[in-house]
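In what comes next, chain A is part of two complexes: it sits with chain B in the first one and with chain C in the second one.
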Partner chain A sequence: MNRRAAYAVAVAAVVLILGAVLSPGFASWPGLRAVLIVASFTGFVAAGQMLVVLVGGIDLSIPWVLNAAAIVLTTTGLGLADRLPLALALAVGAGLLAGLVNGLGVAWLGVPAVVMTLGMNGVLQGLTLGVSQGLTCGDCGHYAPQPLRDLFAGTVPAALLVWLGAALFVTVLLTLTTFGRRVYATGANPRAAYLSGVGVKGVTVALYTLSGGFAALAGIMLVGYGGQASLGLGDPYLFESIAAVVVGGVSILGGRGTYVGVIAGSLTLVAVTTVLRAQQVPEYGRLMIYGLVILAILFAYGRERAHD
Partner chain B sequence: MRDLQDRLGYLVLAATALAYFTVYTTSLGRPPGSFDYLAILNTTMPLVLVALGQSLVVLTGGIDLSVGGVVSLCVAITAATGGAPGWIFAVVLLGGLCGLVNGLVVAYGRIAPILTTLATLSVYTGAALWVLPVPGGSIAPEVRAVLSNPNVPTGLGWLALAVAGWWVLRRTRFGMRVYAVGSDETSARAVGVPVERVKAKVYALSGLCSAAAAVFYVATTTAGDANAGAPFILTSIASVVVGGVAFTGGKGSAMGAVAGAVALTLVIDVLFFAGIDPLYQSLFQGLFLVVAVLLGTGAALLARRRAA
Partner chain C sequence: MTVTATGVGRAFGGVQALRDASFAARPGEIHALAGENGAGKSTLIKVLCGAIRADTGTVVVEGRVATAFQELSLLPDLTVAENLLLAAPPRGRLGLVRRSRLADEAALILSRYGASGVDPRSPARDLAVSQKQVVELVRVLALEPDVVFLDEPTAALAEREVDWLAGHMRRLRDAGACVIFTSHRWREIERLADRVTVFRGGTNVATRDRLSEEEAITLMTGRTLGATYPDVSEIVPGESALTVTGLTSGRLREVSFELRRGEILGVGGLAGQGQRDLFLTLFGAGKPAAGRLSVTRATGGTAEPVADGRPSARAGLLPDWPVRLRQPRDAIKAGIAYVPEDRKAEGLLLHLSIRDNIALATLARRSRAGFIRHRAEKAAVSGIAGKLAIGAGRSTAQAAGTLSGGNQQKAVMARWLLTDADVFLLYDVTRGVDAATKHDIYHLIADLARDGKAILFYSSETEEIAGLCHRVLVLREGRIAAELPGPVGDAETIVAASIREPADA
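== the complex of A and B ==
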């Protein structure tokens, strides 16, 4: 774990302790459980965002990849448990496909990541709204199948185990495989990586594809949590995913960062909002303090090196 | 062929204008009249101004996500005060100040532009919500008559002023320095360009442009909303991209971004008159964005092949 990730964990700890002091019930398991569940959604999208940021890219298509996957899930699952496997496969497949197209556009066509993913976001938004006709169809049953909702039941909800699984997957992928080495090499210096035999384009495509998959996973989990899919479900996660990645100590320039830090970053962001809500700070205050907290954290460990 | 990429914005605008003219005429049986042109002018002015500011920032190799927050805050104040002349002056000043804060943090705080402006976006949006908790407010009829008169094309004068401003700016020492910083920051520093001051000024100008856009927005819609600025984040970036300004900085012109902004607004009209379901609108906007950029890179590739 690098120094920035350690800072991120420390910040998360401080925010959580502060929350426990400020609002009673925050430190209890039900309170912590609620924070962890909400943080897991940020954690999923931030996993994908981190992967592309590691190679100096960015994924702005997360909101509507997430939303499209959620709609695909509910409209093919129809709320029936026996259709769930098919619905899950289609939803994840849609996310992976969107990510693949992003990756191909960025790596092979040379479209800047901001443009490619912004365009993809628009395309998926239009498709989702158009095909679902704005969710005006009343008998389509935009509901989550029961097994998916059960993920959020119990004292230790299975949803948190899914997050743990995702965390292990990302961490093992990045630290124990040659693919992971290639990712960091590409992020640190794509030219040097290319010259030493790393398939930079292939790595890039794989990472964008994974990001699409993680956005879809977040959409699926949100459907299970809320019981149904809605339009605009993913909108808050565009900037939140970037913020979680950076608060988690990942360099926006690429090449440095770990998922442990990003988990801490997700927890910090969600805990700040939860504490402010518990203190009954109005929305405008929450937004301003949220921004100032991010700015303060950036000043603490998100600065770039001096030029001289 | 290199010129083609530089003039991408104008070419895209010409193509879109042609499409607009054709679709309008075939669908209504008469060519668009002065009323239609005036409506386009008045609805496009806010985006034109935001895109102008955004392009200055992108020319230095940065990005300004906080335009959404600055527009929201300035819309809120303008609408809440009814747009008295003194208040409009204060609003424009405040916009510049908000931008200056971004610039100082980016230049002297050495925090990546995308992260700085992400954090301040939240702060400024919160402030907007504090000023105007519920949509509403008003604008003095005199202001409306001067800025976006529904009968006289007063907007043309302001558009000309913005164009002239850029035309002068790019010929000043500051204008040259903007390009120098964007092309190669290290070299610019080496030849004595005060990189930090240039960056701070560029963000301040972007804030100023967003504030002016906000005043136009309230004058056109005659009311305010604390979330009015949010759509401008992505549309201003899209305008800059379609206008052929390179995200790596140093290449392109603010006029291209202005052309891009008008083209993006026209696309919506084209879709409307072509009878396309508005739910699919963002699908076509997304495709338009990616295709425009692909045309640009394709032209650059051809030029390189021909030169080789």
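== the complex of A and C ==
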């Protein structure tokens, strides 16, 4: 774990302790469980966002990839448990496909990542609205299949184990495999990586594809959590994913960062919101403080980097 | 209207581009700056015209200054007219640019300076290189400056355009201006310059009114070729390792040659004659238009075995394997290694660990099912790092950026030594490296040749090519202009072959 990830963990710990002191019940398992579940959604999207940020890219298509996957899931699953495997496959497949197209556009056609993924976001938004005819699935009666909802039941909900699995997957991929090494090399210096035999384009495409997959996974989990898909479900997650990545100590320029840091970043963001809400800070105040906290953390990182 | 620089020093990163350099030019003279690549001419011009600041020393320049830099400064998406009138476009009421008059005014300027062949409405990017240079020069001339700096103004010009420029330079001089220019073509310096100042290694070594070509070359290269270089004459080149036929790529034009095992083949010539295109294309990172490359692989023995003990596919003789290189990965597979000049831009991943850096080109070899075998990697990396004495006992887990310049270059070399390639393309590998490390690198190269590796060697210091190579190919305008049997020994021979105009031109 690098120094910046260690800072991110420390910041998360401080915020959580502060929460425990300020609001009773926060430190209890039910309180913590709620924070963890909400943080897991940010954690999924931020996993994908981190992967593309590691090579100096960005994925702005997360909101509607997430939303499209959620709609695909509910409209193909129809709330029936026996249709769930098919629905899951289609939802994840849709996310991977969107990510693949993003990756091909960025790596092979040379479209700037901001333009490519923003365009993808718009296309998916239009497509989703068109196909669903603007109706949320609450109205059309397509609910989350029961097994998906069960992920959020129990003292230790299975959803958290899914997050743990995702965390292990990302961490192993990045630290133990040749692919991970190529990711960091590409992010650190794409030209030097290319001249050392790294298939920079292939790596880039794979990462955008994975980001699409993670956005879809977040969409699936959100359907299970809320019981249904709604339009606009993914809207908060663009900001959340980028904020979690940056607060998690991942260099926005690429080449540096770990998922441990991003988990800490996700927890920090959710804990700050939860504490503020518990303190009954009004909405406008919450938003301002939230923004200021992120700025303060980034300011601290910036100073730290100057001493590197 | 004087130009004086006294005791000027300027460093870029760790490289001292100018050290204690002094220069003076009088009004009403054409003053040439001569010297090899990296001698400090361009840096001096940038300091004199105020584009960069000197670290030490004083600079006094009086009068209206205009500069044509070596790197063209036209904005490619603007038209010729917009580029020419960028600083002072015709304005109407309210201070808005009067676009209707732009082209007319530009046409007037172009014809006044005898360059009416250029269409003022054409976007700069559509012009030929020589036309771009002409527009750039017109832009400078139109300022009617008192002091003019022209850095390599003729490099992109044809004979007729050189005459055109010479006329303008003389006119400015006769009007009392101070004209300072650089050129790699000795004939032009002889023809145009009233005085010449020769630079070597970042400082001025002589200023003369008259200077013969031979004297100039001696002054430019210096004659310090001691026992710095290992004796390569006792290494006898063996059979062919790489054959290049009719290669045309970038600036290269129909280049053919053979590189043999155990041979250090030098690539000489002035800067920008296609050397870089040659190296990158042979490594699969160029865009060849035509040509053929075949590689004969080494016999048995030296290949590193793969994880499960199977012999590597690289063992065994694969005669005349025609290679298609789409990307560097293909070249690496074909047993070719490329060590780049600019280790920060093309070699190192500065904030990754030394180990990650050294292991990068051979990751797949120490992996199982895509997982890195960390212990094998550590062993391989510490082995090579120890052998090259990289970082003086420092842990290979530290960031590569913490190494000194010389050690960084050694780390890049180490990466390629691990690939166990048959052919090493070494492109200006000693640039910006301290003397001791240079010495180490020379001996490393000789050791590689002794092991039967084939080496293609380019250096911006011609002296190195002369001292280290079995044979030298001199490139000019993308073609092999001369092949000098080695050891050449002295840099003058190579420099002379680089600037001597071909007899039939």
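Just so we're on the same page, the second predicted complex is superposed on the first by the 296 of 308 C-alpha atoms of A that agree within 3 Å, B and C clash if a C-alpha of one lies under 4 Å from a C-alpha of the other, contacts with A are read in each partner's own complex, and residues count from 1 in each chain.
Assume a residue touches a chain if its C-beta (ideal position, glycine included) is under 8 Å from a C-beta of that chain, and two chains touch if they have at least 3 such contacts.
Every value quoted in this text rests on a predicted model; they were computed, and no experiment measured them.
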Chain C versus chain B on the shared chain A, clash or fit after superposition: fit
Partner, of chain C and chain B, that touches more residues belonging to chain A: B
Centroid geometry (CA): angle chain B/chain A/chain C, rounded to a multiple of 10 degrees: 70
A:Ala27 touches, of chain B and chain C: first, second, both or neither? neither
Touching partner for A:Val114 - first (chain B), second (chain C), both, neither: first
Touching partner for A:Gly197 - first (chain B), second (chain C), both, neither: second
Partner chain(s) touched by A:Ala188 [first = chain B, second = chain C, both, neither]: second
Touched partner set for A:Phe179, first chain B, second chain C, both or neither: second
Touching partner for A:Ile252 - first (chain B), second (chain C), both, neither: first
Touching partner for A:Ala13 - first (chain B), second (chain C), both, neither: neither
Gap in Å between nearest CA atoms once chain C and chain B share a frame through chain A: 5
Those residues of chain A which chain B touches in one complex and chain C touches in the other: none
Contact set on chain A toward chain C in their complex: 176-179, 181-182, 184-185, 188-189, 191-199, 255-256
Chain C residues within the chain A interface of the complex: 283, 285, 327-329, 332, 338, 340, 345-352, 356, 359-361, 363-364, 367, 370-372, 415
Interface residues, chain B side, partner chain A - complex: 63, 65, 105, 109-112, 114-116, 118-130, 133, 185-186, 189, 195, 234, 237-238, 241, 247, 277, 279-287, 289-290, 293-294, 297
Complex contacts: residues of chain A adjacent to chain B: 58, 60, 105, 109-112, 114-116, 118-127, 129-130, 133-134, 239, 242-243, 246, 252-253, 283-292, 294-295, 298-299, 302-307
